[in-house]
Amino acid sequence: MSADMTEAQGGWLATDQFQQARDQVPLVYLDAIPARVDPNGSVTHLGLLLQATSSGILNRTFVSGRVHRGELIRDALVRHLEKDLGPMALPRIPLAPQPFTVVEYFPDAEKTGFHDPRQHAVSLAYVVAVDGDCEPSQQTLELAWLTPVEAQNPDVLQEMTGGRDRLLQMALGYLGIMP
Amino acid sequence: MSADMTEAQGGWLATDQFQQARDQVPLVYLDAIPARVDPNGSVTHLGLLLQATSSGILNRTFVSGRVHRGELIRDALVRHLEKDLGPMALPRIPLAPQPFTVVEYFPDAEKTGFHDPRQHAVSLAYVVAVDGDCEPSQQTLELAWLTPVEAQNPDVLQEMTGGRDRLLQMALGYLGIMP
Amino acid sequence: MSADMTEAQGGWLATDQFQQARDQVPLVYLDAIPARVDPNGSVTHLGLLLQATSSGILNRTFVSGRVHRGELIRDALVRHLEKDLGPMALPRIPLAPQPFTVVEYFPDAEKTGFHDPRQHAVSLAYVVAVDGDCEPSQQTLELAWLTPVEAQNPDVLQEMTGGRDRLLQMALGYLGIMP
Amino acid sequence: MSADMTEAQGGWLATDQFQQARDQVPLVYLDAIPARVDPNGSVTHLGLLLQATSSGILNRTFVSGRVHRGELIRDALVRHLEKDLGPMALPRIPLAPQPFTVVEYFPDAEKTGFHDPRQHAVSLAYVVAVDGDCEPSQQTLELAWLTPVEAQNPDVLQEMTGGRDRLLQMALGYLGIMP
């Protein structure tokens, strides 16, 4: 939520109007799973962000955020990847708009198993190869590059909230690299 | 826009709030292209709705509409297909959430070539097999089942506005049946 | 292999030539995962075939088989689904050729984790809704309809060989229904 | 066919066996459409190879070829892209095995509209971003980078045989950039 306040151009009023929109309609979101890849396209590592929630709990997540009004999906992908990974990350934005899945986050944690207490969000999910140097933002404590095997360690999956542990496994299945 | 007024539960106020949301964020939309199919899955006909716009112009379109807050994508697909094709249409909702493409409609007709003067909409596009009897709603003047060849007739494509002629061709490409 | 002998039109010679082809090039295969679905497209059950291998071991598998020379993929899907599920199964063949994944089976079990001791096969994988009554063939001992939760029971996954336990999980991820 | 002779390790005998395989089963093929992309993933140009057929006719085509027995799809993609574009092309192999479409080429030109007089081939089609310098091989007369608009020029489409003009349009639809 703090991100939306930061982004709002008109300050308090804009954020208030955004809150009203959030109560009226589902939001368009993106989930981008950063990946290190071999020359033949094999994914060797996935990038997980270690973030502190507003209540101080640590959790691992992907690059994620909403699409602004008037913004292209591919520009929103660039914006969120740069915000979270820094300006030298050199993400390879997917060429086609078809996502590998669409995730439906609801305030009701039971509805789909994908949970966002703030809002109903419909998120287009992509795996994004990242070639450059990543400098996680201040909000992010750490960016960890984990092998597919490491990423599926129960300890890691447990640190992913809101269903992101399932999204990770869906991404691995899409990539053809399940355990 | 009339559809949103009809759907709004709180009348004038609700519609006003929806208008505010529409000015703040992109809306989550669906495009569903009805199809008649052979037993081996070959698409023989596509369903095009002939509708009159508020300014009295006729145009051909697909089943289309927004996802409500709190609503699953697959339930929104059922709702829109039943609204436009009647309760006996027996649509076969896709098993997986992955759309064949994502269409970005903007009030600025030049931005992507997909145009919606009312709003920025991000639309998940699906082809939906329809087995049953279709009774188009009053708002729809006619439902025409066209063969892929007929659907690509320049006269037909010309009656599709907002970029839907291109979406039709993208759907045919996805189905493997380009001219 | 017995299936190929049965199918071969020229008897011994044809099978011998097929064996030579198998030693020269990868074969085009299909994996079709049968599914029971709700009216809104939600998958409620997956169909697993219980088969006995030539060495007498029981294992669970999907509908699977090769594409013949001169045969359309969608016709091969119909043929294999009818062969394994009977003529009244009424499978809903996917409208588009895009598979949810491509599985690479190798005689070397380590290469991809997908293993076929007989051949290198490149298999297009689809989930196929099945509406009708299924009568498994003689070669199949049983067709079990399992819920997604039941299908992911470790005891069930253990009965799936050649990597099909992973393909099952990839299919569930594609369908948006991971545990 | 000359390519297969060149590649065959056992000379005449191997090629003869390959010819027998080709008469028995469909071959696993790849179509890779090279693309130049902007930092936000927008495709700016498509790469078309100008080749002379054995009968001396010029035609435009994509990078294309078969998957060898024992070879991973992603390694075959690298091999064919390097062979046709040179060792400095730096192709970005897709991360996931899901192709954007599957093309069925038949000796019978009427069957699907995709035609290969030599064989039945089932081809997985991908768009592949190419970052580096391309040096087309001797067999290729020219590599032309065309904008999507230029690539859809009727004169260009006419120079593409075997249905590749349609595959080009299917690729553009998948990329979201139809005319």
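For reference, chains read A, B, C and D in written order, and residue numbers begin at 1 within each chain.
FYI, a contact is a pair of C-beta atoms (placed from the backbone, for glycine too) under 8 Å apart; a residue touches a chain by one contact, two chains touch by 3 or more.
Nothing here was measured: the structure is a model prediction, and the numbers come from that model.
Asks: Where are there more C-beta contacts: A-D or A-C?
Replies: Most contacts of the two pairs: A-D.
Asks: Using the average of all C-alpha atoms in each chain as its centre, how far is it in Å between chain A and chain C?
Replies: 34
Asks: Please tell me the distance, in whole Å, between the geometric centres of chain A and chain B computed from their C-alpha atoms.
Replies: Averaging C-alpha atoms per chain gives centres 28 Å apart.
Asks: Taking each chain's centre as the mean position of its Cα atoms, how many Å separate chain A from chain D?
Replies: That gives a centre separation of 34 Å.
Asks: Listing for chain A: what residues touch at least two other chains?
Replies: Those would be 72, 96-98, 100-103, 112, 174, 176.
Asks: How are the chains arranged in terms of who touches whom: line, ring, star, complete or other?
Replies: Looks like everything touches everything, fully connected.
Asks: Can you name the residues of chain B that touch chain A in the complex?
Replies: Residue list for chain B touching chain A: 17-18, 20-28, 66-73, 96-104, 106, 108, 111-112, 120, 122, 124.
Asks: Which stretch or stretches of chain A touch chain C in the complex?
Replies: Against chain C, chain A makes touches at 101-103, 112, 166, 169-170, 172-174, 176, 178-179.
Asks: Per the contact definition, I'd like the list of chain A residues that touch chain D in the complex.
Replies: For chain A paired with chain D, touching residues are 35, 37, 39-43, 72, 74-75, 77-78, 92-98, 100, 127, 129, 174-176.
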